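Listed after this line are the structures, all set down as structure tokens.
Below are two complexes that have chain A in common, paired first with chain B and then with chain C.
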Partner chain A sequence: MEQITILEGRQKQIFEKKKGVAQPDIACDTSSLSGSVSQRACVFCGSRVVLYPIADAIHVVHGPIGCAAYTWDIRGAVSSGPELHRLSFSTDLQEMDVIYGGEKKLYHSLIELIEQYKPKAAFIYSTCIVGLIGDDIDAVCKKVAKESGIPVLPVHSEGFKGTKKDGYKAACHALMKLIGTGSTEEISKYSINILGEFNLAGEAWIIRKYYEKMGIEVVATLTGDGRIDAVRRAHGATLNVVQCSGSMTWLAKEMEAKYGIPYIRVSYFGIEDMSKSLYDVAKYFPDRPDIMEAAKAVVSEEVKSLYPSLQKFKKALTGKKAAIYVGGAFKTFSLIKALRSIGMSVVLAGSQTGDKNDYARLKEMCDEGTVIVDDSNPVELSKFILEKEADLLIGGVKERPIAFKLGIGFCDHNHERKIPLAGFEGMYNFALEVYQSVMSPVWQFAPRKGGIL
Partner chain B sequence: MKHAKTATQNACKLCNPLGACLAFRGIENCVPFLHGSQGCATYIRRYLISHYKEPIDIASSNFHEESAVFGGSHNLKIGLKNVSDQYKPEVIGVATTCLSETIGDDVPGILREYKKEFKNGSPMPILIHASTPSYQGSHIDGFHAAVRATVKTLAEKGEPQELINLFPNMVSPADLRYLKEIFSDFKAPLLLLPDYSQTMDGGPWGEYHRIPPGGTPASAIVRAGSAKASIEFGSTLEAAKSAAGYLDDAFGIPRHHLSLPIGIKESDRFFSLLETLTGHARPEKYEDERRRLVDAYADGHKYVFEKKVILYGEEDLVVAMTAFLSEIGMTPVLCASGGKSGLLKRRIKELVPEMDELGIKVREGVDFVDIEDEAKVLQPDFLIGNSKGYTMSRKNDIPLLRLGFPIHDRFGGQRMHHLGYRGTQELFDRIVNTVIEQRQNASSIGYTYM
Partner chain C sequence: MLLRHTSKEVKEREGLTINPAKTCQPIGAMYAALGIHGCLPHSHGSQGCCSYHRSTLTRHYKEPVMAATSSFTEGASVFGGQANLLAAIETIFSVYEPDIIAVHSTCLSETIGDDLQQITRKAKDDGKVPEGKYVIFASTPSFIGSHVTGYANMVTGIATQFAVSTGVKKNQHNIIAGWMEPSDMREIKRLSKELGVKIVLFPDTSDVLDAPQTGKHVFYPKGGTTVAELQSAGDSLSSLALGSISAEPAAIALEKSCKVPFETLDIPIGLTATDRFIMALSKVVGVAVPDEITAERGRLVDVMADMEQYLYGKRVALFGDPDQLLPLTEFLLDLNMKPVHIVSGTPGQRFEKQMRKLLEARSPETNFRNGLQADMFLLHQWMKNEPVDLLIGNTYGKYMARDEDVPFIRFGFPILDRIGHSYFPNVGYSGSLRLLEKILNAIMDRQDRDALEEKFELVM
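Let's look at the complex of A and B:
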């Protein structure tokens, strides 16, 4: 087979855990190498994913058509009420706008859209060329806010001004402007915000149900099934519970600084981490032992029904090997544990946006011989999948065809999924999906397994 | 209530660079490369993958703030070097984005410099540059820009040959395979560009391929300059923007410009042209296909007669489909496109002169909210277009027949035929079945015979 080499300048972002070998820190938090086919997106993408699920606001993309077209209704973030987030609005800048500026077009677009759709707020995303052509979107937003009486929030998400993480930050910045503007009356002392949960396939509802069963009030979910009014009063919660380490930690830190609300980091994937996320919240309210009792009851009830149903999958999957390449490193931790609970080992683990601490922890968690990558690309992923003889790849849409071409199973763990994978019931769905893909008889025809080319 | 409308809402088009990436994918051993932010490449990959279900690597020069201030030259060069090292491509197809166009990067100049600076390194790939600013036109313009740029870069004058160039427009991999089959049956040497029939719809891999096999070789494209004729599909595609137009200007190769051959009349026109150019009668196989299609028209005509349809998509597809629907007695009450060539109505009128009497309305530069507003008034029996019409289809309870690109909510869009007698047959069967299914579902009796 052809030798696949790693690009110079990428070596430091790849690491293989080996005994007796010096363990350097993995390089990360850098922007992608020019010309390597990064699986990452851009600043705009980061902002867009964070704010997308807010369903009673309009999301207006200021720029040429592409950015809005490619993000139209692409996520499985569902709403229990309004669905404005599933519409795509763009100022669709043309050559003349590029020459003469797009401010007027933005102004008219906003006034008309607000009149037509009556949103509770508007988010205005600036794309690559907006700054270059000199549009002052802050001024336009201010003017429209004044005239329309709703918050009109600029999101400075020019694609090239950093990485996806900077986009998360720009989105959180817009959220910070809303937080603190609503009434916190009647909010219980035993209350939380759920941060970094986007209600893909209704996952936020599952999580919320567990917390409510424990007697915890959920003030706001940021941003799954999001509502502007809920965001406005998020500062009334006692604790922030942060999932998806990449996107929302910044917001949690800001809220801690400004409102004194502490935060904990959790994950809702897999039995172990899901249970821990309930216990950790309960521990935060030691004056109410009944909350911990309720958490234990939730876990025991859920696990009692889940555990036996997983055994069939575990029996079939024991000894199979997985490769994980997802957006945030925190998800990778949970997936490693979840896979182990169904008998699988992990031979490749990586993320698009993990930081130094994340990778240090990943190193600790992984078995000998596991390859760890930051901001990887199709060539590398394929190389390691083949070398390590993985049976499964977990990733997003861009990774899916790599797995299928090479003849191995795939589990979609990205924003487009339509099946909830969070919570205890999500763990069942996850195991089922992995089982269905890895155990399918179709792989017998894959060349890798001796099938006929 | 009618609202004033400045913003584009639920766009019925995509941006320029997407088309260029797809076209470059139809050249053998070619890596598409976007000169702009990382997001453009990633979004476009995602969008294409969801339709074609194939890996598609698109490199990016990955602009940073400094590149936007001082120009993207440095990033572009490093990017080209890295792609050359990692993919070892024969060709790199560089398309610009709104960002690199707005800051005014002189891409041809940078490519020249690159070739000079790295000429003693590893083998130098052929560099093709297409200018595809997203603030102009739509994805289809990027597609044609890339095809034209490819021919412009590679085609050379040579000894005249029997070769026929075919520039098929943005059609499906299945269509491309059918076109190749036709030429092979005519025993006519063919240069098909682009040809992503295998790269975007190929087999499994025993080992990793940096670049999937398939596509038109650069060495073959060189000979486009000595072909005896070019055929180009797409009625709104103007010579000044097209590959065949360039070859006509530069080498005097006659350009035969046809609508996408959908329906019997337009397919006949295509086959007649092939007969003229090759001097061979059409093989019996295609007579058979045509006969079966005429027979199917007879068998199915009552289901479709005077059914009202809203058609949308790329302008050339809309023109061709309008011609086809008219010949089977259906009425496209609205022919709509997000594209804005200024030619849509004129081209439809040329193929369907009685369009006004038939009540065919044409609108360019519209989005799905415009189309939905029209649908509420026009009350069509169904919609024909890509997957993105599903939102309005569901909301207004109007069935959607999917074709073209993208098909993100059904399986096998890349294997769908549209062109020639075979493609028309497939479309006709699907249209009739859509009507039958609708009737069957609406019937309280539940007939098993329809």
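Let's look at the complex of A and C:
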């Protein structure tokens, strides 16, 4: 095994679970080290991905063209109706705008856009440069809102002002301004908001269907297949159900403080966590035992058909090892359980944005010998994949070709998933995708794992 | 329909860009730097920039793309990014061990006034650059030009910061690659070899972004122009710049710094652009064009003749980057097709004049616009007003193609939904033949699809 150095200053963000050794907390929630080949993105990216699925709003990127170009329809967040979110709008700031300010250009762009597209609202993202040249986008938004009569919401997402997580927060901040402005009449007492579900490949629809089968009203999905009017009345729900802890916990807390709506954290990946997310909601409404009965019925019906179909995958995959490197840590927990249910163990677990509590829990969950990393880079990932002889990498777009070059299977659990991985049917899809990739005949022709055939 | 909101009526817009036909400078600089062997591109800005560029290049090539970032924080944005860059240079050399770090700036670092020349010099003075290693740079603020000019700036940086003139000329010629695919660069090398011209090609992303599966993740794949080759470029007899926007600036800089005379040609896409390229090569070495290349040309002309009836008058809309659009437009005209609409987000009068000149002579009624608000929204509006038979452009064209039900050929950058561009060239006679095959397939598949049963032909 050739020696690969760990980036100096990164030792504290890497950790191997060992028995009988007192181990320090992992360092996380920090900016990436200058000079690292980080897999992370920026504040703007965080805001953009959270608000992106709101399909009847326009999303205007105020800055030079790149930020708009790179985020143009790259996330498969599906809409059942309008598709304004899939277009790319930019003020395309030029040198003169940087010198003299871009407010006027932003104003004109917004007026033109609102006239053209008649959206329900507009989100204005400020990028790095806007933070520097000092455009008062709040004032522009206020002016345009007044003239157009629709909410025009600034999103303060200057790339350098923190990590991707700060971008989530800026997005939630914009959402908070919308929530509370709609009518809550006729909302059932037995109602929830689904937070942190972005309807990638239609996942929110699957989840929604389960809850509706239980007799629960879903007021708003934030933000998958999102609509402005639904967001505006989200404060009428009785409970917030939060997935993707990184992006939406802040919003849930704010809504709790302002509207007294409690929240629970759930995950929709894997049989265990999916079932629990239904039961936990049912438990919240003890005066209606029929809801729990319905939840049990949903679970038993789904599992009855799912369980046998997973066995052929389990048989083939038992003993195979996986490496996980995804955005949020919460997802990692579910993935570990989901992988175990198809016979696989996890030898590397990491995330881009996990916090201290996440990593403490991860440490608890993982098997001995599992490597845990925060904000990793390709050198480290390759090193641990080879060392730990992983057969599968679960990650995002930048990790995919690394896995394939190393000759192991890959599953995209990020923006580029093409099939729903959430819910019970998602578990089947997940198992199928893992099976397809890990057991692919192509690996017979490839020198696997560092050149050994 | 995804673009159902696109209105037919074209109105002048004051600020807004909708569905851009360009992206920003830094990604071009990153792509160019990947064409140097053992080079790690470095993005001096927020970490999002680097992440976006790597993701886009990864999607385009389906290859790992390595690059580092200064990871700007709020502090750096107030006090300047010098400390970040110096720290970055130190960590990169000690951990990732490249031979070269190619730093490019971003809108953020340019606006706060970071001077890359001064900072990289300080890194050298402070001993942060190990012996035999290099740090080069290019200024690429995102609020100027486009990804194409960013590429040009980095290629110029490569040329000026490596090439030295020893006073003794070498029997070799530089070919400065405009923005093209690894497959195109490989083909340029093959053609030069056939003609017996010894060349230094830079940048050269072949064997970098089309690397084979080896069971290893190699940080620095075997391809890329080497430092020794780049240094010797100052002693070359001449330079051939392929592309007036993306390659010529480097040739001019090299003439200035090392007195290497240059000639600018189009990227050899299509018959006549390839003719000019082959003639130029044969002229510099003073040899006749080898039979094999003449035969390649003959095969292309043969197909053009065989299939001429399917091409005549077919109306085409195209969008993309200047150095590719010029020869492509010329090729379409040579094929007796009709370029109806042409759009490029890349600003610049040089390109505008060149395109206007070409169109004035051969297709004066063509709609053409580049620069601000020359975006896909405008192109789509034009297509609604004057429909076309074929659309050529990068992946983002698929929305328009679907909405207007027009056959579509992927060409340019980025291509996020098909493979092939890394492996099969569009340059040279055989590359042009492949492009022609694609054009014919698109048109004839459509003819088959739409044919009435009694008109559905077996032999075409």
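We take it that the second predicted complex is superposed on the first by the 446 of 453 C-alpha atoms of A that agree within 3 Å, B and C clash if a C-alpha of one lies under 4 Å from a C-alpha of the other, contacts with A are read in each partner's own complex, and residues count from 1 in each chain.
Everything below uses one rule, namely that a contact is a pair of C-beta atoms (placed from the backbone, for glycine too) under 8 Å apart; a residue touches a chain by one contact, two chains touch by 3 or more.
What you see is a predicted model; the values in this text were computed from it and never measured.
*Asks:* After the match on chain A, would you call chain B and chain C a fit or a clash?
*Replies:* clash
*Asks:* Applying the touch criterion given at the start, work out whether A:311 contacts chain B, chain C, both or neither, answering first, second, both or neither.
*Replies:* In the superposition, A:311 contacts neither chain B nor chain C.
*Asks:* Does chain B (first) or chain C (second) touch A:84, or do both, or does neither?
*Replies:* It touches chain C, and chain B stays clear.
*Asks:* For A:95, select first, second, both or neither according to whether it touches chain B, chain C, the two together, or no partner.
*Replies:* So A:95 meets both chain B and chain C here.
*Asks:* Regarding the shared-chain residue A:36, is it in contact with chain B (first), chain C (second), both, or neither?
*Replies:* Touch partners of A:36: chain B and chain C.
*Asks:* If we overlay the two complexes on their shared chain A, which of chain B and chain C does A:440 touch? Say first, second, both or neither.
*Replies:* After superposing on A, A:440 lies clear of both chain B and chain C.
*Asks:* By the touch definition at the top of the document, which applies to A:300: first (chain B), second (chain C), both, or neither?
*Replies:* neither
*Asks:* In the superposed arrangement, which partner chain does A:183 touch: chain B (first), chain C (second), both, or neither?
*Replies:* Neither partner.
*Asks:* Going by the contact definition given at the top, which residues of chain A touch chain B in one complex and chain C in the other?
*Replies:* Common to the two interfaces on chain A: residues 5, 7-9, 31-45, 63-72, 74, 86-95, 97-98, 105, 108-109, 112-113, 116, 127-129, 132-133, 159-162, 378-379, 382, 397-398, 400-402, 404-407, 446-448, 451.
*Asks:* Which of the residues in chain C come into contact with chain A in the complex?
*Replies:* Contacts found on chain C: 2-3, 5, 7, 13-20, 22-27, 40, 42, 45-56, 58-59, 62-74, 76-77, 84-85, 87-92, 94-96, 106-108, 111-112, 141-144, 146, 211, 213-219, 345, 372, 396.
*Asks:* In their shared complex, at which residues does chain B touch chain A?
*Replies:* Within the complex, chain B touches chain A at residues 3-11, 13-18, 33, 36-47, 49-50, 53-65, 67-68, 75-76, 78-83, 85-87, 97-99, 102-103, 133-136, 138, 203-208, 210, 388, 391.
*Asks:* Report the residues of chain A in contact with chain B in the complex, numbered from low to high.
*Replies:* Chain A reaches chain B through residues 1-2, 4-5, 7-9, 31-45, 60, 63-74, 86-95, 97-98, 105, 108-109, 112-113, 115-116, 127-129, 132-133, 159-162, 377-379, 382-383, 386, 397-398, 400-402, 404-407, 445-448, 451, 453.
*Asks:* For the complex, which residues does chain A have touching chain C?
*Replies:* Per the touch definition, chain A meets chain C at residues 5, 7-9, 31-45, 63-72, 74, 83-84, 86-95, 97-98, 104-109, 112-113, 116-117, 127-129, 131-133, 159-162, 378-379, 382, 397-398, 400-402, 404-407, 446-452.
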